Amino acid sequence: MHNTGQRSRFLITVTCFGLAFLYIPMALLVFYSFNYSKIVPVWGGFSTRWYTKLFESEEVWSAVILSFKIATVTACFATLMGTLAGLALVRFGQFKGRTLFTGMITAPLVMPEVITGLSLLLLFITLGDLIGWPERRGFTTITIAHITFSMAYVAIIIQSRLAGMAQDLEEAAQDLGAKPFRVLIDITVPLIAPGMVAGWLLSFTLSLDDLVIASFVTGPGAVTLPILIYSRVRLGLRPDINALATIFIIVVATAAFVAWWIMLRQQKKRELEMQMSSEEG
Amino acid sequence: MINTNQVGNSELVAAGPAIIKRLSRSLQHRWKSIVIFIPYFWLFLFFLTPFFIVFKISLAEPAIASPPFLPMIEWADEGILRIKLVFENFVYLWEDDLYFKTYLNSLKISSISTLLCLLLGYPMAYAIVRARHPYKHILLMFIILPFWIPFLLRVYSLMGLLADRGTINNLLIYLGFIDEPIRLLYAPFAVYVGIVYTYLPFMILPLYANMEKLDASLREAAADLGARPVATFITVTLPLTTPGIIAGSLLVFIPATGEFIIPDLLGGGNVLMIGRLLWDEFTANHDWPVASAVAIILCIVLVLPMMLYQRTQGKQVED
Amino acid sequence: MDPDQQPFIKIQSLSKHFGSFTAVDSVDLEIYKGELFSLLGASGCGKTTLLRMLAGFETPSSGTIHIDGVDMTDVPPYERPVNMMFQSYALFPHMSVEQNVAYGLHRDGIDKQAIKTRVEDMLAMVELTDFRKRKPHQLSGGQKQRVALARSLVKQPKVLLLDEPLAALDKRLRENTQFELMKIQDQLGVTFIVVTHDQEEAMTLSTRIAMMDAGRFIQIGTPIEIYEFPESRLVANFIGNTNMFEGRVTENGVDHIVVQSKQPACEFFIDHGISIQEGTRVWVAIRPEKFRISKSAPESGQTNQMKGVIDDIGYLGKLSIYRVRIGDDKIIQITSPNLSRPKHGESLLDWSDEIYLSWDASSVVVLTK
């Protein structure tokens, strides 16, 4: 007994340390965003002037809009193609070039960003020389790059969901007279829908998060939010970036809380239903 | 004449449904091909082709031009196709010990950071698995939450902590431990902290998934057979969580080795890592062939072992 | 069975290979309309593959399948007049009970009103009318099983395939459901093909059983034929318990044969009309319930009796299981009904009692393979 207590005390200590390590820097970030002083770590009184400055900056707004546009388009295309790829991997058995296909799906996940960025830039330059497309780099090239690596993540999510799902259901639908395409619409898609939602959100986040690849394949005038942030924080601490980060943290925390709350409610509902059905026998 | 015609017609009528059936069946077949073709084509064009271009350029001769390398394939005067391959770039990487040192340094930094992540992440994952019901989900959420906050901003939050006039230095000076700020930011230390900070969840989650699947009765069985907690841990828990340890370590090690943002923002000019070197070679020095050669070698060092690992994993699953 | 009847399902030299593995090895089978036919065998014997070929999920490597005179070999599952009840039930988790049952009818393009009546009738038959709005995860195991049955029967298939239909139910529910299935089959007259590894289930349900092993049929027959007249040691061992004695034929008479076994040394006299050449190596099989057990020597001469010592007794109430040691190392199992009630605190037979076993000349099965 004594030993167990000691062990769990050790575990609790390490966990608290780890969580503190993860969250203290962010807490400080939020704290200093309300600092009047221009020098971040020197407290100069409460102020929201950096928020005002942030909202007034046209540069920031256009970067935010561009990044959200890219992230939305990326998420939609990556989800679509990643789902197709996941389906092909799990449900189509052997087809020509399957090994290459699997390789191309998994490689982007382990490929360092610098290489992905460099190689895509070189492709766009080569294509530009050969066929005159893309004429200039920016929104389109960044979106293409983001779709390419995001769809791999979606494919993996869909693949694991499909692999865990018994093929019985699809066979049952066929047995009841549904043609393969009908089976896809009636059975497969509704069942992988949660995976598709997760994939969409992940792609959106990955796209919004990416600095390295976008820096390679962007062109004049196309400044995404990470590129903007990077250009500013390279030179040191900036209170307006603290304000921006705070907004992100608040949005994410709220969304997480709402998601958690919904999940909790659904779980309770399900437990209640289970109880009901078991009582009826 | 008429008779044969009639026969032909009735045959056609009889064959009608069969033809339609065959058509629709071939459509069912086609439909699958289309599903495969779209992502296949996309990845081929935007993943595989670029990679070959990098490979090609790594074998080209650098030049001061646009693009900054000489074409490899030339029509010689006699109308003979001449292909010129230059391994000079790779020789250059080999001879200039800057590159060699940078590769080594990258591997050193990422392996030490991976180990630190493991030392911190393993007990945390273990604590989450053993946490009681409501706390378990809350803890998990706290581990996942940082994923959704932009990487760049998370790295930036460390800058505020570690800067010369940052929180830690201010606190230490205030408490009287030091008089002058100590150099934390723009030093290797900051890079280690940065990697552990940003990649810790990548270590915890696979470990958690692995431990969660472990049957609690295995530990109880070991205890029942007389193993003390430490012995149980070493003989039962640790061997059974090896897959999680490997998965988590790879998830940290691989991206950390190619990392660009962390050495750039936290390491300053003092920490050489391969991702940054590639970037500098490409943007500042404008040396595309050497940058490509650096990329190819990075690939061989990083991606190949990973693919091989996945291969063996896949085979194990099949067995 | 009417001997002139045409087979409803006709399987001809059907094979299925998975790589170098042969799951089904060139089998022939004829099943008649209205039969409740069981495919019985241990896991991996090929029974499920055969069923999946009937449903259309596996394409045969060679051979043909005809159902009601139509070649079905290359017809995809969604065009076959066959429905299947899956072992896992495979109920669509995102649809209600009603939607699950109606799904197949919608695929046939039947008009909405007709679908509604048919679904209602079906749900009434399986007594699930009150549960029609429920989702599968809100149902108990037995209810799920009935939804799966309703869903596969509502299309009025020519053949219903059932893959281990009762495996997921607990023992008590299983017995009730067996009889329910038989009742429904009788009502609708649909041909049922059941895959099972449970010999008792196959025995109670079926009109005929096909025993499978390593992708081949080793015996096809009625439950009684399979139990009382097994054709091989494999069948005799798989169906129920049996005691096996190896021996040689010493006498091949006109209406009987005599088999002499060495361990234990015993003479078996078999009087049902078989004829096996003298000197042939054979196996003699006697079911546990065919033995008579007594404390004194039976009168019937030298043959068809043995002497042994009770090694172990299992008292099950209505009957007792005795393990009897014959000679040094042969243990045979006997079941004996407890016809009379022993005096309080006593039992009729006890551990280490020396007893005599005897059996009728007609109870013995002689197997040559």
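The first chain written gets the first letter, and so on, giving A, B and C; residue counts start at 1 in each chain.
Just so it is clear, contacts are C-beta pairs under 8 Å (C-beta built on N, C-alpha and C of every residue); 3 or more make two chains touch, one makes a residue touch a chain.
Computed from a predicted model, the values in this text were never measured in an experiment.
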item	value
Farthest chain relative to subunit A (centres taken as mean CA coordinates)	C
Most contacted chain pair (by C-beta pair count)	A-B
Length of the line joining the C-alpha centres of subunit B and subunit C, rounded to whole Å	55
Euclidean distance of C-alpha centroids - subunit A vs subunit B, Å	15
Subunit C residues counted as touching two or more neighbouring chains	76
Interface hub residues of subunit A, defined as touching at least two other chains	179-180
Set of subunit B residues in contact with two or more other chains	none
Subunit C-facing residues of subunit A, complex	166, 168-169, 171-180, 182, 186-187, 190-191, 270, 273-274, 276-278, 280-281
Subunit A partner contacts - residues on subunit B that touch it in the complex	24, 28, 31-32, 35-36, 38-40, 42-44, 46-51, 53-54, 57, 67, 120-121, 123-124, 126-128, 130, 137, 139, 141-143, 145-154, 156-161, 163, 165-167, 170, 196-197, 200, 228-229, 254-255, 257-261, 264-265, 275, 278-279, 282, 288, 291-292, 295, 298-299, 302-303, 306-307, 310
Residue ranges of subunit C touching subunit A (in the complex, touch as defined)	55-57, 76-79, 82-84, 86, 88, 90-94, 103-104, 107-108, 134, 137-140, 151-152, 155
Residue numbers on subunit A that touch subunit B, as the complex places them	3-4, 7-8, 10-12, 14-15, 17-19, 21-26, 28-29, 32, 39-42, 81-82, 84-85, 87-88, 92, 95, 97, 100-101, 103-108, 110-115, 118-120, 122-123, 125-126, 129, 144-145, 147-148, 151, 155, 179-181, 205, 208-209, 211-212, 225-226, 229-230, 233-234, 236-237, 241-242, 244-245, 248-249, 252-253, 255-256, 260
